[in-house]
Amino acid sequence: HDVQKSRDTRRVPINKVGVKDISYPIVVMDKLKKVQHTVARVNMYVDLPHQFKGTHMSRFVEILNSYREQIALDKMETMLEEMKQKLGASSAHLEIEFPYFIEKRAPVSGARSLMEYTCAFRASLNDTFDFVLEVRVPLTSLCPCSKELSRYGAHNQRSVMTVQVRYREFIWIEDLVTLMESCGSSPVYSLLKRQDEKFVTEQAFENPRFVEDMVREATLRLTADENISWFSVEAENFESIHNHSAYAAVERDKR
Amino acid sequence: HDVQKSRDTRRVPINKVGVKDISYPIVVMDKLKKVQHTVARVNMYVDLPHQFKGTHMSRFVEILNSYREQIALDKMETMLEEMKQKLGASSAHLEIEFPYFIEKRAPVSGARSLMEYTCAFRASLNDTFDFVLEVRVPLTSLCPCSKELSRYGAHNQRSVMTVQVRYREFIWIEDLVTLMESCGSSPVYSLLKRQDEKFVTEQAFENPRFVEDMVREATLRLTADENISWFSVEAENFESIHNHSAYAAVERDKR
Amino acid sequence: HDVQKSRDTRRVPINKVGVKDISYPIVVMDKLKKVQHTVARVNMYVDLPHQFKGTHMSRFVEILNSYREQIALDKMETMLEEMKQKLGASSAHLEIEFPYFIEKRAPVSGARSLMEYTCAFRASLNDTFDFVLEVRVPLTSLCPCSKELSRYGAHNQRSVMTVQVRYREFIWIEDLVTLMESCGSSPVYSLLKRQDEKFVTEQAFENPRFVEDMVREATLRLTADENISWFSVEAENFESIHNHSAYAAVERDKR
Amino acid sequence: HDVQKSRDTRRVPINKVGVKDISYPIVVMDKLKKVQHTVARVNMYVDLPHQFKGTHMSRFVEILNSYREQIALDKMETMLEEMKQKLGASSAHLEIEFPYFIEKRAPVSGARSLMEYTCAFRASLNDTFDFVLEVRVPLTSLCPCSKELSRYGAHNQRSVMTVQVRYREFIWIEDLVTLMESCGSSPVYSLLKRQDEKFVTEQAFENPRFVEDMVREATLRLTADENISWFSVEAENFESIHNHSAYAAVERDKR
């Protein structure tokens, strides 16, 4: 008989049960090229009523396998609906994290290369559908305090900003990246020629930003965007003068 | 002048700002040996009102440095109070994650060795003080379905259960570990002699547990313990027949 | 002027200099589907003679960008040749690590799913070309000692075997994976139905293997294969009864 | 009977077999405070002749447990000798990696705090004893090219240098750290007051260093030190203008 279906008498419903950290090749939508192949790390969970002993783990993988060529924002709700139905659950959760690449042109030479942005789709469905888009954007930050104090130079470093948004109308990853890249002292690039390196060095020096400034700039832009209904934004500076990070975070519900 | 103190006109208060991922040697309380030396990864944040441009990052490190020899549960509120005061903030957050070692005796031979449990203190103070104790406990889990289906054997694997608790009276890490170690098919050990290996193999076979069973057993024990006012418990099985994990989670507020 | 080209007087030649941990989407050869899209982590280095102050980091990224759609074994030497030439170097090193997916059928039901194998190409060129193919293969291992000692059951766990080979004629990743998957107690799968779970549980119980057995089985197979001229093989068991690993390694040069 | 001792007929000797990634609290020597408590990640291996089926994994943990309060350079050979003897092996390998903390004073204010340096002891014994001391030292690096090209500022970032040495007479971790910290544009600190931040910013601007310069400076110092008989040194810059690293490495055998 089916052990998972057998009756459980402990009267403990389970919030989330499923598969975690499964690595799978997927295809996502790309603003310029229509589609983009990437590799995802996926979590899939449902709730389990108290009277059932176990869920059916293999069904999660079957669903993932059948949708993997069409992982798009507009498929998330369908996948969750199928998870609820095939697992006999009243709520379902889907988390898909993947590297996403955007072609960028160096600011002066125009040299093209690809930049990686780690993205995640975090979706849930019980009676209503909830979707959060997450993007991690690397940046340069240059310290305003160090610039003001010092006779020359200013310490700067790589930073990463993590933004999560809920929105009304569809939004492209590319557009969210553009919005975030304006929040630091300078964007970063995979490929910079000498004239580009001069440009980004000077740009950073002209735009000193604390970690506090970065989340505030993002807050202003995300608040002004009427399509965004909720957001959370974090900035982390991998300080060049320390072996630890500076960190700031803002969350705002506009609903 | 002090750039951080200068006036900010963007009208954006910041939820959390501070230092992240600083590694520091600390001393924590130990039930048997009074104190235990370990190495922590620490995050320290405060809020920042909209009118100030920046916080003073160095003060966090000064506070950490002054308390590091006495990181005990009863010092968390004092540290947070000092963070609020020295940073002029209305809320403060402190996260301290560290490996904690407990001497265990092998079940038959009694051979002694040390087992590592990753612990975290997650504390906040605004008007009220909030404290969460987190412990990660490795275990063996043996699959009930595999045992029932198969003529002999059953797949089993290393699991980790992560428990977070809020409580009324002081609780020892050691006691929370003991409670959790009874939730899997068998505890794990650093050192097992031949007779011990026989014992834990048979014990696991006699106690098959799904990931669902493990969080349910924990839920029963944590619900029965009147000292626990809130808990969250997760189980993750690093499946021996897959390259991904099985996962289950329950959260329950008893207040 | 060009700082990198300026004369260095410290008389210290540098063994390796270049770019490390750049993430890039690539296309690799696939035995069944011709090509496979994946995402790589890439290191590219050259040597630097003592008289030059620096190398030109942007040229590495330009070369990577131009070859990324055709990362095949037969392109490694060409890429290295171009690195040597464009950087004016006498030796070049290229390391490309990526997840590679192979469709597997469950052993009884035949259910199809994709399994991830982390692969790496490690290539160097000075006067001669050297190429090492590396594949990490997850497996189930079941302990012979635990099986013999215990009245029933036997502890088992997920293992990973890492094989590196130098070879004479072209070799497919798929074939190396097949060879390695026969060295443990059972292969692992992404998707197993009930009848498959019974099969792999019993198969593992019938084929107990120490970590020592796994590297020995691999050694026998790789020694018998005349196409392999050198190999290194490691096995690591994420022990289900401990919180640490058991490990074994063999290296053999057949040249 | 003892499965591990049973006869193996495959005629495959094993280079290394043992326990990997065991976490253990240890006590190491400290130049100023005599001893320092820390937490190590330990690997212990021996060779295994072809005629034996398996090694005895529990003996490694027993040896580690008995020496853990006295992990000093002068105990490495004794531990390896005991591993060889208790496991009946002709070679033994011991790797101990741990965070080590040194009190540093900020360059102007003199404010004291602790800096973490990840260290490793890598020791082997067959007929002769071999010991490598490894230290990872975080630093600031400021780009000479960016400084020269730009009207103001220069990109800088956190770097880490990893040095491995073989030596003749005993050497303190503290002294090796001091030597390495002079190789970058500036040391890094856990705690810097405003006057210190001005100092390190200007110091870095006055000492621009490519990743190539950093390994060359280290090479000059390590070559001049007659106590060092062999070394390997790497520098990695977590570039503030890219999302990847710049890297350089030199290895030199002076024997």
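Per-chain numbering from 1; labels A, B, C and D assigned in written order.
Just so we're on the same page, contacts are C-beta pairs under 8 Å (C-beta built on N, C-alpha and C of every residue); 3 or more make two chains touch, one makes a residue touch a chain.
Chain-to-protein mapping (UniProt): A, B, C, D = GTP cyclohydrolase FolE2.
It should be emphasised that the depicted structure is a prediction, and the values quoted were computed from it without experimental measurement.
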item	value
Chain A (GTP cyclohydrolase FolE2) on chain B (GTP cyclohydrolase FolE2), rotation in degrees - Cα superposition, rounded to nearest 5	180
Same-residue or different-residue interface between chain B (GTP cyclohydrolase FolE2) and chain C (GTP cyclohydrolase FolE2), half as cut-off	same
Result of counting contacting C-beta pairs for A-D and B-D, higher pair	A-D
Identity of the chain that, by mean CA position, is farthest from chain C (GTP cyclohydrolase FolE2)	B
Between chain B (GTP cyclohydrolase FolE2) and chain A (GTP cyclohydrolase FolE2), distance of the C-alpha-averaged centres to the nearest whole Å	25
Length of the line joining the C-alpha centres of chain A (GTP cyclohydrolase FolE2) and chain D (GTP cyclohydrolase FolE2), rounded to whole Å	34
Separation of chain B (GTP cyclohydrolase FolE2) from chain D (GTP cyclohydrolase FolE2), taking each centre as the mean of its C-alpha atoms, in whole Å	29
Junction residues of chain C (GTP cyclohydrolase FolE2) - those touching two or more other chains	22-23, 116, 145, 190, 192, 194, 243-244
Touching residues (chain side chain D (GTP cyclohydrolase FolE2), partner chain B (GTP cyclohydrolase FolE2)) in the complex	2, 22-25, 36-39, 58, 61-62, 65, 68, 99, 101, 111-114, 116, 190-194
Residue numbers on chain C (GTP cyclohydrolase FolE2) that touch chain B (GTP cyclohydrolase FolE2), as the complex places them	115-116, 138, 140, 142-143, 145-146, 149-158, 186, 188-190, 192, 194, 197-198, 200-202, 204-205, 238-244
Contact footprint of chain C (GTP cyclohydrolase FolE2) on chain D (GTP cyclohydrolase FolE2) as seen in their complex	3-4, 8, 10, 12-23, 43, 45, 48, 53-55, 57, 144-145, 148, 210-213, 215-216, 219-220, 236, 243-251
